[in-house]
Amino acid sequence: MKKYWTVFKTEFQKSSEYRLEFFGHMIMGLFTFAVMVFVFRAIFQGNPEIAGYTFSSVFTYLVMTKFLHPAIRWNVARLLADEIKEGRLSAYLLKPFGVLRYWFSLFWADRLVDILIRLSLIVAFLVLLPRYFSFPGFGTTLSFGLSLVLALFLNFTFNILLSLFAFWVTDIRLFSTAIDLAVGFFAGALVPLDFLPGILKPASFFLPFQYLLYFPIRVFQGAVGPEQTWVGMLISLGWLVALLILLDYFWRKGIKHYEAIGQ
Amino acid sequence: MKPLVSEIRRYLRLWRLLLRLSLSEMLMFRINGLLFGLAPIVWAATVLIFLGVIFSKVKTLGGWSLWETVFLLGVSETVFVVYWASFLINLRNFINEVRTGRFDQSLLKPINSRFLVSFRTLDFTLLGSFINSLAIFVVSLAKVSDQIHFSRLPGFLFLLAAAYAICYLFHFIFASLAFWVVNARPFLDWIFEIADFGHYPAGIYPPSLRMFFTFFIPILFFGYFPTAFLLGRLDNLYLGIAILLILALSIISRLVWRAGLQRYQSASS
Amino acid sequence: MAAISVKHLKKYYRVHQKEPGLLGSLKSLVQRKYFNVEAANDVSFEIKEGELVGFIGPNGAGKTTTLKCLSGLLYPDAGEVQVLGFNPWDRKQTFLKQISLVMGQKNQLWWDLPPIETFNLNKEIYEVPDAQYKKTLDELVQLLEVEDVLKIQVRKLSLGQRMKCELIAALLHSPKVLFLDEPTIGLDVVMQKKIRDFIKEYNQKHQATIILTSHYMGDVEELCQRIMIIDKGQLVFDGQLSEIIQKYADHKLVSLILNQAVDPKVVAKIFPVKEFVYPKLVLMVKRDQIASTTARALEQLPVADLSIEEAAIEDIIRELFTGKDYA
């Protein structure tokens, strides 16, 4: 157990070193964010309300996604996939479940600093822009926190699951960006899911990705009633369990395949 | 006059050779689907859906119709790939070379250092994106063709050429900051991000911001103004502004480069 | 007229000193302390056409800095530098076409392409006529025995092959002046010899002026008649190699591996010990006493293995500074 803590600590320190880069990225995100704000402002010029949103609530939504989306992103998968590709798993094979715990520690070390900084930035915004934000109640904040934790777990599991493709496909980079984009889209990173036209809207509400971003943010905005909040969290928990089962299954198959190739 | 002509021919010959070498380089790698990955298509899909969403709620955006906006997207993305492949990649590599000291190699050659720095390779890795954005361009072109007056074509082409020059010079100035700052790459990244403002009809921005993006950080020239001109939405005046900008940026970039070289040559270790 | 003329060259770097630890980092954000590192301090010399000269000195002594000043990469802070009648830092194209700088660690070959492609590129950049290019290329390729690797990607070549191709790339335009900065670094002994032989032959055949820097005594011994020793930015010796070896490298190092412990104090009384960390005992023995001392050591000490090496260049130079004078 101690070694996982060491892994966590070293990764944590590494992440902290990239603080400057982090802020550089934040400032960059600001520009695309500003463009979105202008676009939505133009849309709302003729219409005070669209799909249940006012410009103000869309603005809040956009701010939240800007801060949180990078935290719900594809990261560990590539590393694990590389290890699989380069045949470095042999060392882990002796204790297969240890691998996942190791990557779990890595993931959290990386994400924790990230999330903490982002959450504090959101708080800062809350204080500076009372027009767009109102302090959500305690219950809402708690639900938000819980759903965020669930989102991170979901993201991790999904990450690992996708990286398992590396067992069968030589280079997951072929489609990792594409998946990242698609997942982000269905998580509501580009536009609130309620805006989606035609079949895309019900599709996005069927998929689990809404729980990565859209759901926690809507909870935060107080747009989700208490019952629906519980239902939502239960469903995301259900998705998590399903993904874990899939993970276990594919991991076993993958290892067999891995050994069969004779790595 | 004659030495100038032979100089130009020499650089053209060199550029062709560099092109051939870049192509060979690319072919040396296993051609993996990275060139033709799914990402550009997925990205295009998300943006087009987004535009669809917008235009389902409003008739015009900044005065532009759906297909005009899609056309703008097509032009912006296509020219971006051209910018990236021809000089952006090289400027980024240049920043690295200054940091690692490999820039010395370029200084030792009996050739204009700016040329070598800017056009060393042609990067083919965005080929997939290029085809993708070209497709968007062609499809939307068909839809907006009745708005395009043939007479505006020369002006459009001129503005495209001007866009290339302005984008190149502007990036070059910031890349030259590598002589002073250890990591100048963020500057180029920021320009790229700011250029996002040029992907939507500028009518949605307040006039002050438009001015800013015309004269100060001229990203509207990268792709928006040529498109707007072709669609009959831009005054001829902007052709003149483009020329002035090119002149100004040329002078500034020359000064910055000279100063930067001097600094590099006086303190390199 | 001398091919290379340097008068009172001075070059220093401003380096800022950062104190260690978190407090130091914070301090350096607010106030930076600078001090000057003198990489070249009043260096003067002249080199005639066709000479093969060695610059030696410990790391950081100023060798690379001097070379960079001579090739136009750096401005001197004071003094005059003339190479082939030019001011190097003007970087005139006619000047650059006549010189070449090969740096051991930094190469100019395109990594993912075969060397022949870089050669072609250089031909265009240096505007070498076709016939001359072909002749020079053939000659160099033959001399360096790299016919087989010309069409193989540089990334797949060994360090030695790469170095050879680097040399070719640097010599295709038949430069009159060649600067070699640590050309044999990282190479194995066999390859070092091959490169040295090539340089010697090239110098003799083409009468190219060559300056070679190295911190391997071996490079210098083989190639250079004339040596310049630079230490801490100062030219402390400029003369014939034979002088140095006679005057200053008058000893060799005898390394013994012992298979039994011996009392260091006792050993130190009988033998000229340089250092003793069991089981390795290193003796500093004058050249004319090597045979006798070695015989004595084999007799009186439990020796498992023995080797005799040249004195390290650092030792020679250190000796140059501790009490001996270099007239």
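Here the chain labels run A, B and C in written order, and each chain numbers its own residues starting at 1.
Going forward, a residue touches a chain if its C-beta (ideal position, glycine included) is under 8 Å from a C-beta of that chain, and two chains touch if they have at least 3 such contacts.
Quick caveat: nothing in here was measured; it's all calculated off a predicted structure.
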Partner chains shared by chain B and chain C (touch criterion as defined above): none
Chain nearest the global centroid, as defined over all protein CA atoms shown: B
Chain B and chain C, separation of their C-alpha mean positions in angstrom: 44
Where chain A and chain C are represented by their mean Cα positions, the distance between them in whole Å: 54
Centroid spacing, where centroids are CA-atom means, of chain A and chain B in whole angstrom: 32
Complex contacts: residues of chain B adjacent to chain C: 10, 13-14, 17-18, 21, 24-25, 28-29, 101-102, 104-105, 107-111, 262, 265-269
Partner chain B, residues of chain A touching it in the complex: 24, 27-29, 31-32, 34-35, 38-39, 41-43, 45-47, 50, 171, 173-175, 177-178, 181-182, 185, 190-191, 195-197, 200
Chain B-touching residues of chain C, taken from the complex the two chains share: 13-14, 39, 65, 68, 71-75, 77, 89, 91, 93-97, 99-101, 103, 106, 108, 110, 112-113, 117, 120-121, 124-127, 153
In the complex with chain A, residue positions of chain B that touch it: 32-34, 37-39, 41-43, 46, 49-50, 52-54, 56-58, 61-62, 186, 189-190, 193-194, 196-197, 199-200, 203-205
